[in-house]
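Both complexes shown next keep chain A, but they swap its partner, so chain B is in the first and chain C is in the second.
Showing the complex of A and B:
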């Protein structure tokens, strides 16, 4: 009896967790689906052809989104690796305040800030440009990349660096051949995270990029608002693939125990 | 060892400059903008207009985000509690596998999922009708405030659960086992022994979720276009349709205040803990 109750509760939970994603998948292969039919009256991949047509706007949006995400990741890494190293190993004045500044974008609601970034960008003609959108995504990604890079560098035993110096390696050589390789798993993790955040970002792109820059989330939004549920569903599934992959991989480097240490 | 002071400052400068120029400066801009009119004169007019037009929406936002936060807390503690105290290893394994699916689903995708799932002819209603819980005629759409709450809870619960379950896994088992041996029910062990020890972690997860939900535009704008609406939708409307930065910034100020209030409650608790020497 207890066994039945347990299985029943798990089934209900599974329905609510996976049902919304399942419903989206059905929509992506529904060629005709009218109320009150419980399932589509005509199935097929016609809309997939529309989305994946090489000249289609959806593919254009996908490549643009990937391009922006790559630029955002590169920008974040270039500034956050040295910053993380300095925060973990260097002698910084006002270190707690600096750490706090990198935490603030996570502590305030972002939307009002994005509105004002768009207002400032207007003066520099950055609205509706790839550079503008990359900057907005990068400042959001900075929170994760700086904090994770700092943690990755701080976790390295300083004696390893000391040993390299003792046998005559220069400072830069020690950094590039000892410290950086050891910190790499954490830095790669932060890079994947920044990439995904940029790929999925909606609010900032909406205020700074639209209508000229149509990233995949923006395209998904206008397709959904325009009633093209199938096109929106397929775009959503494209966005889901990297997210689910990351979710399955995340246990390797982002244990719950680590997350639980945040904010202490 | 490590870089000197000068080198450290040099290394951190690009990242710091970026954060200052692209976050701190626009944040200050929004704070100042809330108290200025179009000509740059200091005024409280923006707040008067925000109060006249959006006081209902402000309450609506607090209600939705507050209810979502509460539900996230209850569900994540329940899942974490079962993972820690449950009897069936199979059920624990399935639950552990199941709960994280929405973790990295983008909000915009979650919104679209729910729009199809919770609609009048969505999978949820269809399943209820199929199972005989209700008939087709009484099926109603959940695409209003309930849809927003369900989407927020669906999307944010895995995040808080991951933190909470991690903290619970790190607890000393001996007190839990002792209480169980003395005959305490699992619910009582969860509420009186486990939760008090992980409440800091739970609070951090809930505050981060609260802030996130306060700034999500895609979910309310896709799920429910009707009035009253959430503050994020109102801000977008003031900018895109009216070009009124003053009122939008006043509403932004209100949302900072609301999240600041949540953070203040947390800090007050944390300080009280410290004074009592209970810090974990």
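Showing the complex of A and C:
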């Protein structure tokens, strides 16, 4: 009786998780699917062909998305590694306030924030540029990267650094040969988070980037809105691949002790 | 390669509180000095001042006459063994030991030879390529020691390096470190709160109390001739009794009190008047009803209230009035028996009574 209930619950859960993905998969290989048919009347990979055609906008969007995600990740790392180290090691009296500032963009509803950013960017000709989109994504990504980097540095016993100084290593050498390698798992994890967030980001890209910058989520949106459900389904599936790959990586990299220090 | 270390009126503060209040100490080349004290006495702070991790507020630290008071930690040619061992988990045993040599730009062959030497000396054979996280506590301790010794430091600093070891291994390691230090002739500063450890390992013991030096001396000096009531208590003379003395030539006369008869103790020195006398449980004797009357010693009338057997002898708590003293005796005595605590003059350390 008990296992019947358990199996039932599992089935419901699986349906909610896998149902939409299954639907996406069917749509991606449906060449003709009219209401009220339960299943497509014609199957095929014609739309995959359309998406992956060298002249297709989809591949262009994918590479652009990856490029923007890489730039965003780099930008966040440049800020979060020194900031995280300073926040974890320095006895800053205004530490909580600094942490709060990095959280602030998350505290407000997205739309007004992005609309305002778009208005400001307009004055600086940043709308519709890769730089503008990267900056918007970085604001969002810095929350993760600074908090995770701070936790990663805080998890390192200061005596490990002192031992290096004591045996004759200069300050910078200690940082690059002891501190940074020990913090690396956390920092890599934060970089992956930032990368994935940037890859999936829609609202900010839409207000700051569109129509010049067509990232994959934007393409997905316009394809869906234009009735090209197959194209939308295929781009959604493409977007899933890096997410799943990286989530597996993150699980291996992020240790419990780093997570336990988050936000301290 | 050993160095003279001079600590000259060093003061240090930690978050507004003065932790060291003017500490001066000269350590001869090759000498093994233990900094002994309870937690919060400033011993670790002093070690961290020497290693450069705690800034010195005033005073000076000199190595072979060169002022290093404000030199950065990496320019001091000292090597420290941390209480936590502080081994780098992303490096193997060999990489940990060889890191200091790599910083000194030694060739790969030189590093490998020196690491092999350390591994053999510290009995770490076969562990060189292991990750340090796979080692036992004793092995980690030896890797930490190897990392410190590999660079031929002028001064070796030991920050309670044995406190994380099992009691059984600790005894062996004490002697191993001591023998190694003697053989290499490195000037060594050892911080510990363990009296026995300090006694066994050090040439000289520095007892710290609340940021000042309470006494400096060879182990037998601080043990047998404590300079203050604090040192006496710290070195194990925990029993304290207030006495009113009158000097008569080479004798001290103790007036009779509610718990003792008048007694005369042979003693020369400048003890007189109201004093606090400290004694060790093993220096006192128990006199039971039927024993001969003790001569030339102070005898306190009491009753046995507790008995324990720590091994080799019995340890009794004896109630004298409203006070209790610990006394050792080889005989087995029942709790509740009346007994006298016999204190020969040589068992007593006299100090002027506070508030007298």
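The rule is simple: the second predicted complex is superposed on the first by the 244 of 264 C-alpha atoms of A that agree within 3 Å, B and C clash if a C-alpha of one lies under 4 Å from a C-alpha of the other, contacts with A are read in each partner's own complex, and residues count from 1 in each chain.
Here, a contact is a pair of C-beta atoms (placed from the backbone, for glycine too) under 8 Å apart; a residue touches a chain by one contact, two chains touch by 3 or more.
The structure presented is a predicted model; accordingly, all values stated were derived computationally and were not measured.
Undergrad: Determine, for the superposed arrangement built on chain A, whether chain B and chain C clash or fit.
TA: After superposition on chain A, which the two structures share, chain B sits beside chain C with no clash.
Undergrad: With both complexes superposed on chain A, which partner does A:221 reach: first (chain B), second (chain C), both or neither?
TA: Only chain B; A:221 stays clear of chain C.
Undergrad: In the overlay, answer first, second, both or neither for which of chain B and chain C A:170 touches.
TA: second
Undergrad: Return first, second, both or neither, reflecting whether A:178 touches chain B, chain C, both chains, or no partner chain.
TA: After superposition on chain A, A:178 lies in contact with chain C alone.
Undergrad: So, A:162: does it touch chain B (first), chain C (second), both, or neither?
TA: Once the two structures are laid over each other on A, A:162 reaches both partners.
Undergrad: With both complexes overlaid on chain A, does A:120 touch chain B (first), chain C (second), both or neither?
TA: Only chain B; A:120 stays clear of chain C.
Undergrad: Between the C-alpha centres of chain B and chain C, what angle is opened at the C-alpha centre of chain A, expressed to the nearest 10°?
TA: Computed angle, apex chain A: 90 degrees.
Undergrad: Mind working out whether A:90 is in touch with chain B, chain C, both or neither, as first, second, both or neither?
TA: first
Undergrad: Of the two partners chain B and chain C, indicate the one touching more residues belonging to chain A.
TA: Touching more of chain A: B.
Undergrad: Nearest approach of chain B to chain C by C-alpha atoms in the superposition, in Å, rounded to an integer.
TA: 7
Undergrad: Does any part of chain A touch chain B in one structure and chain C in the other, and if so which residues?
TA: 162, 165, 171
Undergrad: Touching chain A in the complex: which residues of chain C?
TA: Interface residues on the chain C side: 51-53, 72-74, 77-80, 82, 84, 86-90, 99-100, 103-104, 147-148, 151.
Undergrad: Would you tell me which residues of chain A are touching chain B in their complex?
TA: Residue list for chain A touching chain B: 6, 10, 13-24, 26-27, 35-38, 78-80, 82-83, 85-87, 89-93, 98, 101-102, 104-120, 135-136, 138-139, 142, 146, 158, 161-162, 165, 171, 196, 199-200, 202-203, 206-207, 217, 220-221, 224-225, 229, 232-233, 236, 239-240, 243-244, 246-247, 250, 255-260, 262-264.
Undergrad: Which residues of chain A touch chain C in the complex?
TA: Residue positions touching the partner: 157, 159-160, 162-171, 173, 178, 181-182.
Undergrad: Residue numbers of chain B touching chain A in their complex, please.
TA: 1-5, 7-9, 11-12, 14-16, 18-20, 22-27, 29-30, 33, 88, 91, 94-95, 98-110, 112-117, 120-124, 126-127, 129-130, 136, 154, 162-167, 169-170, 198, 200-201, 204, 208, 211, 214-218, 221-222, 232, 235-236, 239, 245, 248-249, 251-253, 255-256, 259, 263
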